[in-house]
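Presented below is the structure to which this report refers.
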């Protein structure tokens, strides 16, 4: 539903494995970095959400690895908010490998919104407004 | 389809994040460790497969995080071979948290079998025999 | 000064990099796992220390990488308490690679003892007693 | 001896641990990222070195953790080449936390130059010239 935010990442040496590609778990770190960029593009940070007592742990993750991502490659993680329910949201991700020119990866994650007692909340209006924002000059960075 | 192999893992401090639980990417490391144990329980190692020219990169991963996994918890990753196709296999995983008593996580991964030229292969008979083995006293360790 | 505790670890695929060895940062995870084992061998856990309000963040780490550690290798991390000061302790580590037969790595870490306000503490007598214990049948596990 | 190159990094959520700071092993990933930036600032990449048959595994690492690095902090890793011997070089690192304003970390790493047979080499003149370069407009990126 929402607009796409794009996060540029250079692949670290330590993110490869002996097969010569990025190890499959590292994509989840890149998805997380993209979620942080998605928030900042909308004028807030995930850190601020936690400071206000909102936590958004991952309850489901899915990744389809189609192509190669190698050391020192520049990748772009395109992220958008795909779905919002009463107390959960889903992000979708596409990774484009700028170095190889290929779209290499697709995935999604479900996050549940929790309060300080670590129980699922109905997403409150104020938070819903933030999540529905369009990216803007409002970026904090 | 196949029998279950169970791998015991103690959660490392560095596997937690500031929310106080294991970070979501680390489950994919534990799944990998369980795949290694699954092979050893059947009398071979994934390392040997690579030495013989077989590579099994992950092409899809899915994880459902239901419960908490914390520092120093003992978890068991129950893994079984759920599906075998012409050139790909699928493992299913269930994580039981011995410390909390809860079943916390479910997931699966698809692996493609590749040769030294890094192209998908029809799984050869010799390899198919290894993958269809029952766990036995034959364990290498 | 203290007795050695030995922690056995099998190297994960995701701990290697494209050079074919374990990536240099992962040794610090193994040192941490060995510190946890060192505590358990003495009848307590690091987790319990944190629950009682003691935190022991690392303030210095040193590693000398002499030999190769590869995927699926079995390594032993030999750890002992080498030094105790007013509010800090130093562990020394030696990694023996059982698979290759070589002693591959040496290192040390300094930890500062902090209280819940995250300030350095004089190590209290009760904690000093725990740290000076000999490993025993008293292990919690 | 050489000029400083500065690499800007935003700390990932997955790089924190339950103490609320960046886990101590992650600094070695950041040092590595800074080494990559150091090369690029001088008109080549570490990837190219490996493609030409030069490998520079770490043989020693030292880190002094003085201050806090937290999730979402912006840090700068200042790296310079501190020493060059017959077949090894040493980089020094200082991490400045832009978010907190503090200099939080100091460290160094020794790298040995190896050839394709994975034996230490006298650093050849061509490589020595690259390593002695000043950063310039010549950056590849």
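A few points about this structure:
The letters A, B, C and D name the chains in turn, as written, and every chain counts its residues from 1.
Simple rule for what comes next: contacts are C-beta pairs under 8 Å (C-beta built on N, C-alpha and C of every residue); 3 or more make two chains touch, one makes a residue touch a chain.
Since we're looking at a predicted model, the values are computed, not measured.
Farthest chain from subunit B (centres taken as the mean of C-alpha atoms): D.
Each of C-D and B-D has its own count of C-beta contacts, and the greater count is at C-D.
Computed centre separation for the pair subunit B/subunit C is 27 angstrom, with centres defined by C-alpha atoms.
Centres computed as Cα averages put subunit C at a distance of 25 Å from subunit D.
Inter-chain centre distance (subunit B to subunit D, centres taken as mean C-alpha positions): 34 Å. Subunit A has residues 13-14, 19, 24-25, 28-29, 32, 71 in contact with two or more other chains.
Residues 19, 21, 24-26, 28-29, 32, 55, 57-66 of subunit A are the ones that touch subunit B when the two sit in their complex. Against subunit A, the residues of subunit D that register as touching in their complex are 10, 12-14, 28-29, 32-33, 36, 45-47, 71-72. Listed in rising order, the residues of subunit C touching subunit A in the complex are 13-14, 16-20, 23-25, 70-71.
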